[in-house]
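You will see two complexes here that share chain A, one where it goes with chain B and one where it goes with chain C.
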Partner chain A sequence: MRKLKRIGVYTFLSIAALVSIFPFLWMLVSMTNKSVDVTQGRLLPGGHLFENVRVLFESVSMVTALVNSTIIAVITTFLTLLIGSLAGYGFEIYRTPGRDRIFNILLLSMMIPFAAIMVPLYRMFGGVSASIPFLGIDTLAAAILPTVITAFFIFFFRQNTKMFAKELVEAGRIDGLSELGIFFRIYLPTMKTAYAAAAIIAFMNSWNNYLWPLVVLQSPENQTIPLLISNLGAGYSPDYGVIMTAIVIATLPTALVFFIMQRHFVAGMMGSVKG
Partner chain B sequence: MSKVVNRAGSPYLERNKSFGRWYRKNYIGWLFILLAVAGISLFYFYPMGRALLLSFQSGMGSNLEYVGLNNYIRLFSDPTFIAALTNTFIYLLIQVPIMILLALFFSVLLNDATLKFKGFFRTAIFLPCVTSLVAYAVIFKYLFGVDGLINQFLMDLSLISQPLNWLSDPVLAKITIIAAITWRWTGYNMIFYLSALQNIDRSMYEAARIDGATSFQQFFYITVPMLKPIILFTSIISTIGTLQIFDEIMNITNGGPGNATLSISMYIYNLSFEYSPDFGYAATVSYVIVILVVILSLIQFKVAGDDK
Partner chain C sequence: MEDFRFKKSWLSALVLLTFLVLAACSSDEEGGASEEGEAAEDPDTITAWAWDPNFNIAALETAKESYDGDVELDVIENAQDDIVSKLNTGLSSGTMKGMPNIVLIEDQRAQSFLQSYPEAFFPIDDYINPEDFASYKLAPTSLDDKQYGLPFDTGVTGLFFRTDYLEEAGYTMEDLTDITWEEYIEIGQDVKETTGKDMISLDPNDLGLIRVMIQSAGAWYVDEEGTNVNIEGNEPLRKAFENYKAMMEADFVKANSDWSQFIASFNSGDVATVPSGNWIGASIEAEESQAGDWAVAPIPRLDMEGAVNASNQGGSSFYVLNVPGKEKAAEFLGQTFGENEEFYQDLVNDVGAIGTYTPASDGEAYQTENEFFGGQSLISDFSTWVEDIPSVNYGMHTYSIEDILAAEMQNYLKGKSLDDAFADAQAQAEAQLK
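And then the complex of A and B:
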């Protein structure tokens, strides 16, 4: 009976694992096959990989999209971490009058659906287009700015700061460091794990963001990877091999980060939840 | 939640000690949170206010004029809106419970200390989370195509004799969307439960076993109650996420066939950027999501009781 239960558990988990992994295997195999082979359900690797990569980079603005997505994701991650950790630290370390009320109000913004503010944001950036061109509609800055500051990361860093030894702040003051100096010289280096976890989440969110770039980035030279894949996928005569190649390339950075920094990833998630 | 103990004593004592130190400890905090407060006000609260004003206006593009409650009245007689609302609720009521139960089930199985290949199973089930929503949506669109692998597989197993029109049948298209979201998010929820499970005292299970409790009883009388706060947390996150669902619908079915898979977010997008733009009415529809998010979160808090 026990043995039977064991076999049942392993079978069930194996099926779950297979279902989870299969789409990945399929896209890896399909990027090496011709479009016809993909539609005929070929599940073996073929010899068409270089041809697919060549077509992708020659016929589609893949390079532009990669560059745009990288610029947006790197700047967003940097600013998110900086502003989020400053705020999380500020809320936890200083007994600023009314800090908990302000904190709770900021947290309310997590309940705001993006679709609800999409139209006003679009009109805001449309409004500044004429006077501040580099910040208007169809600029990378407009794609970055509204996504940089989120209550989630303030919450995340405040939770993590709870585990930061407050004595270090006093020690820094005695050593004559400025308040910002304490933050950058003492807090930042000791909180590397939290920063790594936050960086992973922020980078992934930005790299994969779709709706806001879809709304605000209109010209082909500002296209990001998700927009490119969406356009390829919506085409009438899709070249499956090429699309799968694009999807693999798009997934590669986040997959690599996940596999290399899995520990940070899970640690960060736990840190953000434990109250 | 542990409140930080103020080691220096009460604020009054400190004020007497040194004004400079008191000022530094309290008001410099403003500088640290300033950017965040400004950013969230500018990019969340201000647009919310603007959307509220917009929701009382109507007109094409930027030629807007105030029309009172007309937009809100229009909602009730707008078949597309009602379809989008119904679809979103179908996703919510079917997908979220299935996913949470599956995730709970996986996490309990994986929490067994004697299980082999635990790391492999955990990583495999979590893996879908590394894909972008657009990328996996496109993959699911192809997998569920008429000549896609799902049909080929089902036909090989002789479960169906003809290929199914997954994406152009109203019911099957919804099933496809639900299957896709479940694939993408189950592992994400599982990670939360796994970490919470590690905090449950194992002796509770031992005591239950001695008292003759079955695995099912242990699951429902120990695991579920102990995980209640985290289940609440994940179900709120999933509810908010599902109410806003956009990327998958846009890239798998484009809202079709007809409006059979259209979601509220996608309808807002269409109203603003696909049809002749009616920003006012779009803002009205968007307030429906806001109200739903607030109401459903409150209900979930109530149902789960007051324990945090």
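And then the complex of A and C:
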């Protein structure tokens, strides 16, 4: 009976695993097929991989887009972690009047959809364009700045800071460290898992970000990967084999970041729930 | 002291880092920055946004080659929906920063841009003669007697069909020429019975075919002014809905749920006909093994007075934005798409795009026989049908009304009476668009 139950459980899990991994397999198989085969639902690998890769790199500036996406994602991740953790740390460690009220207002801002602030933001960057061109519309800086600081990461780091032993702060002060010194020398090394988890989320968000880069980046030299993929599917007769190839290439960095930091990621997320 | 030094080094590291970040971002941007600076004067480079590298972008590139003016054209590829988002954000923010000189807009969307942001567009009456273009293209591209759009491609429709399947069922080209949708349905039943193949592939959530049907009778979802919702009492629309339901009930429809399935339906040889805009030809030709098996007849018409065997699906036009360089952009369009017959022959030969500039249709390239379609002079046929397309005012809300109608279509197919379905759709559309 027990064995039977086990077989049942494993069958169910296997089917569930297959269902969730199928789109990924389909993507990999499709990148080796011709467009016509992809639309007809061919499930076997074909011999069209090199052709697809060649067409992709010849027809669009894949390398430029990869470089742009990497620059944006790395800088965004770095700044998000720095600012988010500083703010989250501050909210938890320093007792100031009204801090919870301010924090609640901050959390409310998570509910405003980005589309609602897009037009005013565009207007702001348009205004800046004339006097500070390297921050204006159609610059990578404009794609980065509005996304580096979000209420989510402040919340995330504040929750994680709740697990941080506050005695360490006292000890640091007694030993003569400055407040920033305590943050960088004591807090940062002990919170590695939280940083790893945040880094994955921030990197993926930035790598996949679509709407704001779409609106603010105009010239092809500044294109990011999601914009490039969107363009590939834009024609009246899109080449699905090439699109799948581009998607696989675009997925690799996020998958890589995830696998490298996977262990920390799970631990960090659990920390934020427990807190 | 130790503490102070430490603090200082961290602070200076931060400052340094900020500079590095900004420098890294700006080093790529020097080109863009200097462009912004020159934007106040007349730029030497004009930019254009379009969406299909094999079609409208290729057309712009061809135009660039045939143009001998002193201007550089920079064509930027963006998906059509992306262009709509970018334009909406840019124009409603009112800054015009980052906006291109020339933009391609689908005809059915054009009025919503022209009427919402009339100041943002530059009229081009002085650069082209609107009468040179197919008359049905003018209503969507103009506003208040000013011509804003330069009509580009036609979405003239045709009935693409598999000659081998139809022959098996006992039909020839002649039997499919100038028929009504009722006759089409009868033929479809025969085809299904004899060959076992479906007649058509439809996406139940996409009413593209309904639009094709009603335009062939000169009707639309809105009245002639383009402002009032016209669903209740719209005879062509009623006929179109009835035909649609008859097709569904005749059991020869292969359902699809997205574009790739639609393309697969004919690439795999599962359906016998594809009534569609001429641009689908490229996707049909992609399946080389079917060469010689296809032909194109005129689109069927609604069985009512005033309906013709010609209609339109899709099609777009070029617009000049009111930013520095607008005169140069308008001049460029005017001297290529606006008057160069020779260029239109290249357009047909190299790009396969059928323009709506009528003087060009006598040219040699238009007579070319297409081997894939059994030697039919496809372009010539299409451009004959272009002249018959009834002109309609698309108004501003085609897609929002269509969402409502698509839902009512489902109710109608499930058994709701057409009167009720139309009354409900009319009320809902009026409430929503108030």
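Everything that follows uses one rule, which is that the second predicted complex is superposed on the first by the 254 of 275 C-alpha atoms of A that agree within 3 Å, B and C clash if a C-alpha of one lies under 4 Å from a C-alpha of the other, contacts with A are read in each partner's own complex, and residues count from 1 in each chain.
Just so it is clear, a contact is a pair of C-beta atoms (placed from the backbone, for glycine too) under 8 Å apart; a residue touches a chain by one contact, two chains touch by 3 or more.
Worth saying up front: this structure is predicted, and the values here are computed from it rather than measured.
The superposition on chain A brings chain B into a clash with chain C.
In the superposition on chain A, contact is made by A:Thr39 with both chain B and chain C. Partner contacting the larger number of chain A residues, of chain B and chain C: B. Contacts of A:Leu211 after superposition on the shared chain: both chain B and chain C are touched. Within the superposed three-chain model, A:Leu13 lies in touch with chain B and out of touch with chain C [touch as defined at top].
Looking at the shared chain after the overlay, A:Val63 reaches neither chain B nor chain C.
In the superposition on chain A, contact of A:Tyr240 is made with both chain B and chain C. When the two complexes are overlaid on their common chain A, residue A:Met163 makes contact with neither chain B nor chain C. In the superposed pair of complexes, A:Tyr122 makes contact with chain B and with chain C alike.
By the touch criterion defined above, A:Ile260 reaches neither chain B nor chain C. Looking at the shared chain after the overlay, A:Ile112 reaches chain B, while chain C stays out of its contact range. Only one of the chain B stretches 163-171, 199-207, 217-225 or 235-243 carries C-alpha atoms that clash with chain C in the superposed arrangement, namely 163-171.
Within chain A, the residues touching chain B in one complex and chain C in the other are 38-39, 41, 118-120, 122-123, 211, 215, 230, 233-234, 240. Put simply, chain A touches chain B in their complex at residues 9, 12-13, 16-17, 19-21, 23-24, 26-27, 38-39, 41, 83-84, 86-87, 89-97, 99, 102, 106, 109-124, 145-146, 148-151, 154, 162, 166, 170, 179, 183, 204, 207-208, 210-211, 215, 225-226, 229-230, 232-234, 240, 243, 247, 250-251, 254-255, 258, 262, 266, 269-270, 273, 275.
Against chain C, the residues of chain A that register as touching in their complex are 35-36, 38-41, 59, 71, 75, 79, 118-120, 122-123, 125-127, 129-130, 133-141, 144, 176-178, 180-181, 184, 211, 214-216, 218-222, 227, 230-231, 233-238, 240.
The touching residues of chain B, counted against chain A in their complex, run 1-2, 4, 6-7, 11, 24-33, 35-37, 39-40, 43-48, 50-51, 54, 62, 106, 109-110, 112, 115, 120-121, 123-143, 147, 149, 152, 183, 187, 191-192, 195, 230, 233, 240, 243-244, 246-247, 250-251, 254, 264-265, 268-269, 272-273, 279, 282-283, 286-287, 289-290, 293-294, 297, 308. Residue ranges on chain C touching chain A, taken from their complex, read 2-4, 6-7, 10-11, 21-22, 24-26, 28-29, 31-33, 36-37, 47, 51-55, 76-80, 82, 85-86, 89-90, 92-98, 100, 259-261, 263-264, 267-268, 279-280, 282-283, 286-287.
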